[in-house]
Amino acid sequence: MAETMAHAVAHHAPPQGFIRKYVFSIDHKVIGIQYTTLSLVAAFVGMALSWAMRIHLAWPDMRLPILGWLSPNGAPGGLMTPEYYLSLMTMHGTIMAFFVLTAAPFAGFGNFMLPIQVGAADMAFPRLNMASFWVTFTGFLLACATFFIPDGPPLSGWTAYAPLSAVGSVAGPGQGWGQNLWGLSIALFCVASLLGSLNFIVTVLDLRTKGLKMSRLPLSTWAWFIDAWVSLLAFAVLLPTCLLLVLDRLGGTSFFIPGGLVFNDQLQPHSGGSPLLFQHLFWFFGHPEVYIIILPAFGLVSHIMPTFIGKPLVGGWKVITFSEIAVGTLSFVVWGHHMFVSGMSPYMAMVFSVPTLFITIPSVIAVLVWVFSLYGANIRFDTPMLYSLGFISLFITGGIGGFFLAQPSTDSYLHATSFVVGHFHFTMGLSAIFATFAGFYYWFPKMFGRMMNEKLGKLHFWLSFIGVYCVFITMQLTGMSGAVRRYSALVDDFMVPLIPAYRFMTIAALLLGAAQFIFLYNVIWSRFKGPKAPDNPWGATTLEWDTTSPPPFDNFGGRQLVVHHGPMEYDGDESLMQTSPEPSIAGT
Amino acid sequence: MNPTELVVNEKLASIEPERKEHGIVMELSPYGVDKKKLGMWMFIVSDACTFAAFLFAYGYMRIGAPVWGTPFGPSSIANGVLMTAILLSSSLTMLAAVRASQADDRSSAKKWLGVTMLLGVIFAALHLREWFKLIGEGWRLFYNPTGGAAQFGATFFSVTGLHLTHVVTGVIALAFVVRGYSQRRYDQSHVETAGLYWHFVDLVWMFVFPLMYLMNAH
Amino acid sequence: MKAVAKIAAMVSALLVIAAGLLYSSRTVSAAAQGQITGTIKLDGQVPHQKPIDMSKDPSCAQTHTGAPATAENVVVGPNGGLANVVVYISQGLSGNESVASQPVKMEQKGCQYFPHVLAMNVGQHLTVLNDDKTAHNIHPEPKPGGGNIPWNKSQMEGSPAVDAVWSTPEVAIPVKCNIHPWMRAYIAVVKGPFGVSNESGSFKLDGLAAGTYTLTAWHETYGTQTQTVTIAAGKPVSVDFTFKAK
Amino acid sequence: MSSNRELSMTSYVGIGVGLMMIVGLEVVLTLQHLTPRTLLFGLLTLASMEAFVAIMYLMHVKYEQPILFWTIFPATLFVLIFLCYFFPDAFRMFSMRLIK
Amino acid sequence: MAGKIFAAIVVLVTLATAYCVIAHVWWMPVDISVHGPKIDQQLEETMLVAGLLFVAGQVVLAAFVFLYGGAKNRPKQIPGGAKYLVLFAFLIVGAEILALSFVGSKAWGAVYFEAPDPNSLHIDVQAGQFAYYFRYPGPDGTFGALHPELINEGNQNFFGIDTDHDPDAKDDIVTAEMAIPVNKPILLTLHSKDVGHSFDVRELRVQQDFVPGLIIPIHFTATQTGRFEIVCTQLCGLGHYNMKAYLSVLSQADYDDWLKKQAAMQ
């Protein structure tokens, strides 16, 4: 029976024609590059938004003519209005959390590398894969479209708390069609993520080449596999949340809108809904989302590090993988720590606090594995390794903030302060971005067949690393004085003394952003002018280095691969391909 | 290949069977099912959570509401039981189609798929009848004519609407499967995967019916 | 080329004629203008106007350090004249009244709207200015479905003036500032001449042709009253209204 | 495919009839005028039984590798169980309502 | 070289952060509530535990990068392998976590698990876009019923109370500034007019969201007089940054005066 099936599924030949080859391609490599490019564009959009916000915070009177041109209503004369600030903030969060942090390390690299790393010719469902990208793309277009409608983008934050997000334009500018488009955009993103993660899971389970047992999977593949599970279950809950929100807005239902609400002296025709239900549904997705973002980062760093330290990670694949599984599982039972002061039952706060604290144990194990793997190593400081080290440092700093926010008593002081903003920028924002950069520098030769410029790469790292700490450590520490987040201007008496600190952060953020243009230049220059990349420039062991750079259409040119080793066969400068039949050398 | 060799090969295959994908020998799947079927299982897991979120929202609304309308009289319940029976028998006919396709009895498989689609359409029609009856009585997404919580309409129409969407999608998907199967582009694995989806739609109804109909019977 | 020149000449001639006609019609109506004047009184107990506590925004509170600002639902002058009453012609207009060309100005001063009630023509421009050291948002809320479109714009200190036009008559559109919930103004959008009573209760409508009109007076708290007036050519008429306190 | 171990079509029809009987039981339970809470738990128990039979037999899980069962059940149940954490707030919504 | 620079930056950042924390460059304002010291203590204990982990983590990372940056010897694993790492995580971090959640639950419980003092001064708080209003029950000690449809902000009826017909509402005192007597237990009932808001007084160590549709009770006792800011910390729309009110903690005599003045202004 298996025979007939193999015949029934025809080999797919390399597609011909520009559209089939580069636009509506079913080749996972093209889709991976499409995802990566999409998130690169999204990242620069999101960064530009954060610049505008930071400039407004530090110098509220400064006129930015470009904003006045972009939105005559939101920034008349280039002077940003409070609602436009919040709109930019909402879109910064939405674009960064969904279209950059979820898309790049998971969908982008995952699509390109996962089938190659398991030795498959393509994903399990190539057409579904293509659909998943184009649905994401449509979602991104919808999100961007909000900038060009008269009322501008929504202003209810990336969390879109109801009833602010549910009652419609009475709640403020941007809450009309901007919020509708937002809801649809995120719903589309959910659908795309579901299709993507389903594809990842089946590919890992069913398409491993001969000899590649689960225990021999590269650590990045493991992380994507676990991540796909988390994402499969979490986005399944965000999808109905978005649908119910859109129903509330367009269908007149009251899932999230209670009775007796008065806007502009007008009683709203709603009753019986619950804003807390929205928060629960959102954070039931929202907290796993944080781990959907960070788990691929775990995987990338664990995958990259052994190459540059010349030895396996401490504890082999098991310790790090099981801590990832533990993190992924626990991520579903802790969402209430976002809601300690939200009016949730205070007893539930304790129920959520304990697992939240316990999630630090697998995280600490992962960090210890990375840090103590450096012990007795031969560290090579190529750019991917520097970014991995940067990731570890940032993740430690960010993780420490979690101790404060996991406890309801301390959170009741720190909630909604810039401490939280600093904390999550460290943990899920910058950590994931640094790991993504590590992956980018590491895999660029494989993806495009050219080496990246190491000098520019290192310069990019040093500026980014210092910049990130200047901005976000300051942000986190000012939160100790109670600086409130999501304020478009510092008017409170206790906020005014913080203006110098805010200006410092703004300047640092501008420099940090400017450093990213080095990266952009490096990418574009290396793509066309970089030296040709050998098949295995880093001396790594996994299957993606066992083929040409870039790989042919079916990844291995029809070769039968047989895997004999795990992914971490390193001993100093020596390394052993996973396909090598020689005996293992990773004796250490 | 002489008969003895064949026997030896079969024995070897039973000890370490090989699976090929694009002509390359792959590691065995721990699940031992076709990848389409495994993909469908993943979809089902995720879709079950989506339905669950809807039903939990319904439960939440209902616990929080001071008064809750219970609009279903005996005729609606009878209609619901009939719908359940139809969906359940459609699951059985689907099963018959899968078995026929596994026995490579193509005409019988197509016949059973056709019956399944027909039952799906009848189910959708009965469902819409119930909807129009409620709408005729004044129930809306946002309005409760009996003066209770407006959430009844919202939850009922959205949950059953989502289920109805699944049924209609299923019927359309089955139509595609029948077409591909008659053209011999699809094999029994496609029928089996479609069948899995169809059973899942039935499975969801097993919760929707008691929670949305029976819990709202007066 | 010649044909184009011809067409251009004809078009410009037509334009000149049209302009001339328009101008002459204006002068004709101006020659025949009548005037309505009058006073509006409040009969009965003047309701207590609650003081407004602006401590929420210190920059607002600083502008009222002497006496606190009060609500302006019923503003009565020393001689019992009721201010902020819009008087306009609700019936009897010929339909080709001119639109006042000067824009109407509304200021935000000391975290209150000034004027509290203003009237303007359909198609006339409204200019909103912010004189305060804080941000305001201007949020007019016309009746849904009435033809006027609600909008909500913030105006920072130093933002350019907000300009708006209304397309349909409506008495009166409430205006709110969401940042300072106590702020309230009303914009009466009417066709033809209008007047708003001052603190002594007096008002004036100019530019009316001879004829019979229904005159409506609107107050935000006490609603509307109507009277029928007949104007002979060029003769001023006096009309008084009296509102009863509840 | 381990079709040789599978049940005959007649047995499946029997399973279908059995499922219908559970549905009948649900209806009978509904007619007993129980409190909503008792009715809910009764119905959920019956529906879960029904669903279990459907998954094992109609959806064929009984005849697949055990790992399939041990993958899909824990994952789904995990989400379902933790979604129950919503309900304490639903009760708060009932008791702390602003508009009576 | 790169390793040494990296180690230097990491150590520098660690020292700078530690300085900011130890020197209280940005720190909590002085606490003025009865329950606050418990929270402060919890925060300081957490800071100690987490700070040690932070410093240790960064310094060990820096040290290893520094030491093994240019090494050319045959790589070796840490003696004992991952076993001790896992043990450390479970025992040390686990113990810290248990201690923190045990002690922390008491600090939390002191605010949320205890019933308010029956002699509390009851103040009704309403948040709306974008201002707070406070309601004192007046001499009769009862609040008038709320009728949302009567809310008219231009007419200063922020709560939607019917002063004409409801005798309970007639003597309700509505203010835009909150004053409370010092050392007296206060019970607030928070409800929102429109969207989610928050009641945050840093000095009181009280932060509680308003949930539209629900009445959320919260109680505290202030121990020092002064004027403090109540700010909104839950994103509520365009005026979020400007949504605040002042809290005056007064002596009992001053408070009585203030209330009388407010009553006269109604």
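Note that the chains take the letters A, B, C, D and E in the order they are written out, and that residue 1 is the start of every chain.
By definition in this document, contacts are C-beta pairs under 8 Å (C-beta built on N, C-alpha and C of every residue); 3 or more make two chains touch, one makes a residue touch a chain.
This is a predicted model, so every value here is computed, not measured.
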{"item": "Omitting chain E while every other chain stays put - resulting connected groups", "value": "one piece"}
{"item": "Both-way neighbours, i.e. chains that touch chain D and touch chain C", "value": "A, E"}
{"item": "Dominant interface by contact count, named by its two chains", "value": "A-E"}
{"item": "Far-end chain from chain A, centres as C-alpha averages", "value": "C"}
{"item": "Chain whose Cα centroid lies nearest the overall Cα centroid", "value": "A"}
{"item": "Most widely separated chain from chain D, with each centre as the mean of CA atoms", "value": "C"}
{"item": "Centroid spacing, where centroids are CA-atom means, of chain A and chain E in whole angstrom", "value": "29"}
{"item": "Approximate Å spacing (C-alpha centroids) for the pair chain D, chain E", "value": "43"}
{"item": "CA centroid of chain A to CA centroid of chain C, Å", "value": "54"}
{"item": "Whole-Å separation of chain centres (CA-atom averages), chain B against chain C", "value": "63"}
{"item": "Residues of chain D touching at least two other chains", "value": "1, 75, 79, 83, 86, 89-90, 92-93, 97-99"}
{"item": "Set of chain B residues in contact with two or more other chains", "value": "30-31, 45, 48-49, 53, 60-61, 64-65"}
{"item": "Junction residues of chain C - those touching two or more other chains", "value": "134-135, 137, 154, 174, 176, 178-179"}
{"item": "Contacting chain pairs - touch in the sense defined above", "value": "A-B, A-C, A-D, A-E, B-D, C-E, D-E"}
{"item": "Complex contacts: residues of chain D adjacent to chain A", "value": "1, 75, 78-79, 82-83, 85-86, 88-90, 92-93, 97-99"}
{"item": "Residues of chain A that touch chain E when the two form their complex", "value": "81-83, 86, 155-157, 161, 163-164, 167, 171-173, 257-263, 265, 267, 273-276, 309-312, 314-316, 319, 341-343, 346-347, 349-350, 353-354, 357-358, 360-362, 364-365, 367-369, 371-379, 381, 386, 389, 392-393, 396-397, 400-401, 403-404, 407-410, 412-417, 458, 462, 465-466, 469, 473, 477-494, 498, 501, 570-572, 588"}
{"item": "Interface residues, chain C side, partner chain A - complex", "value": "134-135, 137, 139, 141, 150, 152-156, 158-160, 162, 174, 176, 178-179"}
{"item": "Sites on chain E touched by chain D in the complex", "value": "146, 148, 191, 213-216"}
{"item": "Chain D residues within the chain E interface of the complex", "value": "92-93, 96-99"}
